[in-house]
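Given below, in the form of structure tokens, are the structures.
Each of the two complexes below includes subunit A, the first together with subunit B, the second together with subunit C.
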Partner chain A sequence: MIIYGVYIVSKSGGLIFNHDHNIPRIENEKTFSYPIDLVLDYDPKKVSVVFGQKDGINVGHVLVSINGIMANGGTLEDGRDVKAVIEDANNYPLNLKFSRPRMTTNEKIFLASMFYPLFAIASQLSPEPKSSGIEVLEADTFTLHCFQTLTGVKFMVIAEPHQTGLDILLRRIYELYSDYVLKNPFYSLEMPIRCELFDNKLQALLEQVEKGTTALIEK
Partner chain B sequence: MSRQTTRFDAKKVNSELLTLTYGSFVTQMLRDYENVDDVNKQLERIGYNMGMRLIEDFLARTSATRCLEMRETADKIQNAFRMYLNVQPTIANWSAAGDEFSLIFDNNPLTDFVELPQDLTNLRYSAILCGCIRGALEMVQLEVQCWFVQDQLKGDNNTEIRVKFIRRLEDAIPAGED
Partner chain C sequence: MAVYNLYVFDKYGVMLFYNEWNRLKKSGMTQEEEAKLMYGMLYSIKSFVGKMSPIDLRDGFLYYKTNKYALHYLETPSGLKFVISTDTASINVKELLQQFYAKVWVEFVVRDPLWVPGTPVTSDLCKQKIDEFIKQSPIYGIKNI
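Showing the complex of A and B:
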């Protein structure tokens, strides 16, 4: 079983915890000569590939560095503009490194608060009365399992597709949450979870789960 | 279920430890506030905050489902007392409307070695329990009132906590649950 991430959303819909687990980092470095055979989109926040996928550099990947100098959005770390560097023929050959974009914390908070109304809509759209909200969401590259407690806290696990047995994992995470978060006197309810013990226990649990589902039963 | 009971046994502590800790806690508060009514209020408030957190622990361990009826709630409260204090209160004195009941304790572990001095007859020594019940039920969207009717510390035969259902907090019920 491969787990990609764990998210906890509070009763009021805010993301209070997220943990990325085991996301493969795809990075590709290649030396280009002028003119560059990729179509790039120069956004002030990131430079991404729009067209011209090849050698593992896919559409959607973002520029990480030029000649080993990190790119920070549209500018390089040494202050030069990315677009100017790439379009200047005198700079070539250029060594460009691309990688799959990673979600920033802000984007995660945004997505978590987006899932909240979706969950509520699902329960209202239901043809049967008294429906729960979304419990499983499947896509071709992942499944999202959501467990809402009676008090309204949502636990979400993102795993590889067609994965079963995640409901047990969610219950175990709930137990960890009630032990290591709520019994921590310095944690105030509804606030982001910054408890090292919880992180450690969760990490251990996920590792145990990845070794095999039977290990779930053991504490 | 066997897994949960074994896990519980492993975490058992002597109830005297709790009794003494609670006792020193109450005496410290009496020293700090010098006013019995304030202490009653604070104990209740602390219990409320504890209940709000403890309910998650209870739900995570018992996989309890939502109560749609007061008798179910009473059963679960009884169960919770067995889990957390290892005492099983009797449920009695139902009101005709079924919205009010009593929890009767033959003994209350919080008061094991306690005698109330003459000048503290107003002190509700175990008020933390009332707060706890109220806080826990509020997190599962039930508003209740909770108070002591009898107290062994004050010479009664039993300790009796009365629980009265006020209303369901409809707007707080999470989506997909109502």
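Showing the complex of A and C:
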């Protein structure tokens, strides 16, 4: 079983803990001749592919480097403009490196608070009375399991699709949270979790789960 | 009692079709408002899933489950969205939705010359066929204890 990440959201919807685990890095490098057969979107913050996916370079991937020179958004590290370099036929052949964008901390906070209304609307739109919010959300590349405690704290685990037994893992994380976070005298509620002991225990738990010993109950 | 309701939205978010079977709880708002809320939620889930995914998506969002019901989702490349709520025990609902699209929607809605694209379905024949299709589906009769 592969776990991609663990998120803890406080009852007011703020992200208080996030741990990334084994997220695959998708990068592709290719040498292009003029004119390039990709349609690129030149945004000041990033240059991304909008059409023409091939050889593992997919729509949505962002430009990382040109000829080994890192790109910072729309400009290269040596100060040149990415668009000018790519559109100039004299520079070819060009070696471009693309990668799937990784979430920044800000994006993670944004996404965690975005899950909060989804959770609430799912319960409101329920055709059956007394429904809870989203417990499992499945896409073709991952599955998200969410466990809400009685006090409103949400624990989320993102793993590869068709995983079972994640609800036990979530309850174990809740146990770790109650033991190592709530009993920490330096921790104030609703604030981001920075407890080393909790990090270590969580890491150990995830490694244990990944090895396939689903007998998670052992502590 | 397994299938609760079915929504069809077009790519602009217009609700083309809605029907419900055995729905036990009303949401307390008009159907129009409810459809907007549903479309808004799906739109957000779609963007949420796109950003959250560790690798590149192919089909994207498939379904979610709560403790009482499951909501299954199918989007065609042209942007039509089929949404069906069932009980949590139902399986292979995605295939059912694909069949629904191919056998009912294309046959009785798209091929209806009186149907104006982008407007709700009004033909009685079509409504009857959709009802029949859902009632004959294997997940309709599952009794969830």
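Please note the rule applied: the second predicted complex is superposed on the first by the 217 of 219 C-alpha atoms of A that agree within 3 Å, B and C clash if a C-alpha of one lies under 4 Å from a C-alpha of the other, contacts with A are read in each partner's own complex, and residues count from 1 in each chain.
The rule we apply is simple: contacts are C-beta pairs under 8 Å (C-beta built on N, C-alpha and C of every residue); 3 or more make two chains touch, one makes a residue touch a chain.
What you are looking at is a predicted structure, and each value in this text was computed from that prediction instead of being measured.
With subunit A as the common reference, the superposed partners subunit B and subunit C fit together side by side.
Legend: residue contacts after superposition of the two complexes on their common chain; A:F198 is shown touching neither subunit B nor subunit C.
When the two structures are aligned on the shared chain, A:M114 is found in touch with subunit C, with no touch to subunit B.
In the superposition on chain A, A:E128 makes contact with subunit C only, while subunit B stays out of contact range. Applying the stated contact rule after C-alpha superposition, one finds that A:I26 touches subunit C and leaves subunit B untouched. Shared-chain residue A:K183: touches subunit B; no touch with subunit C.
Of the two partners subunit B and subunit C, more subunit A residues are in touch with C. Of all Cα pairs spanning subunit B and subunit C in the superposition, the closest are 10 Å apart. Comparing the two interfaces of subunit A, the one with subunit B and the one with subunit C have residues 122-124, 130-133 in common.
Subunit C meets subunit A in the complex at residues 4-5, 20, 23-25, 27, 34, 37-38, 40-41, 44-45, 48-69, 71, 85.
Of all residues in subunit A, only 4-5, 23-24, 26, 58, 60, 100, 103, 107, 111, 114-115, 117-118, 121-142, 144, 158 touch subunit C in the complex they form.
By the touch criterion given at the top, residues 11, 119-120, 122-124, 130-133, 148-153, 171, 174-175, 177-179, 182-183, 189, 217, 219 of subunit A touch subunit B in their complex. Within the complex, the subunit B residues that touch subunit A are 3, 7, 52-57, 59-61, 63-66, 139-140, 172-178.
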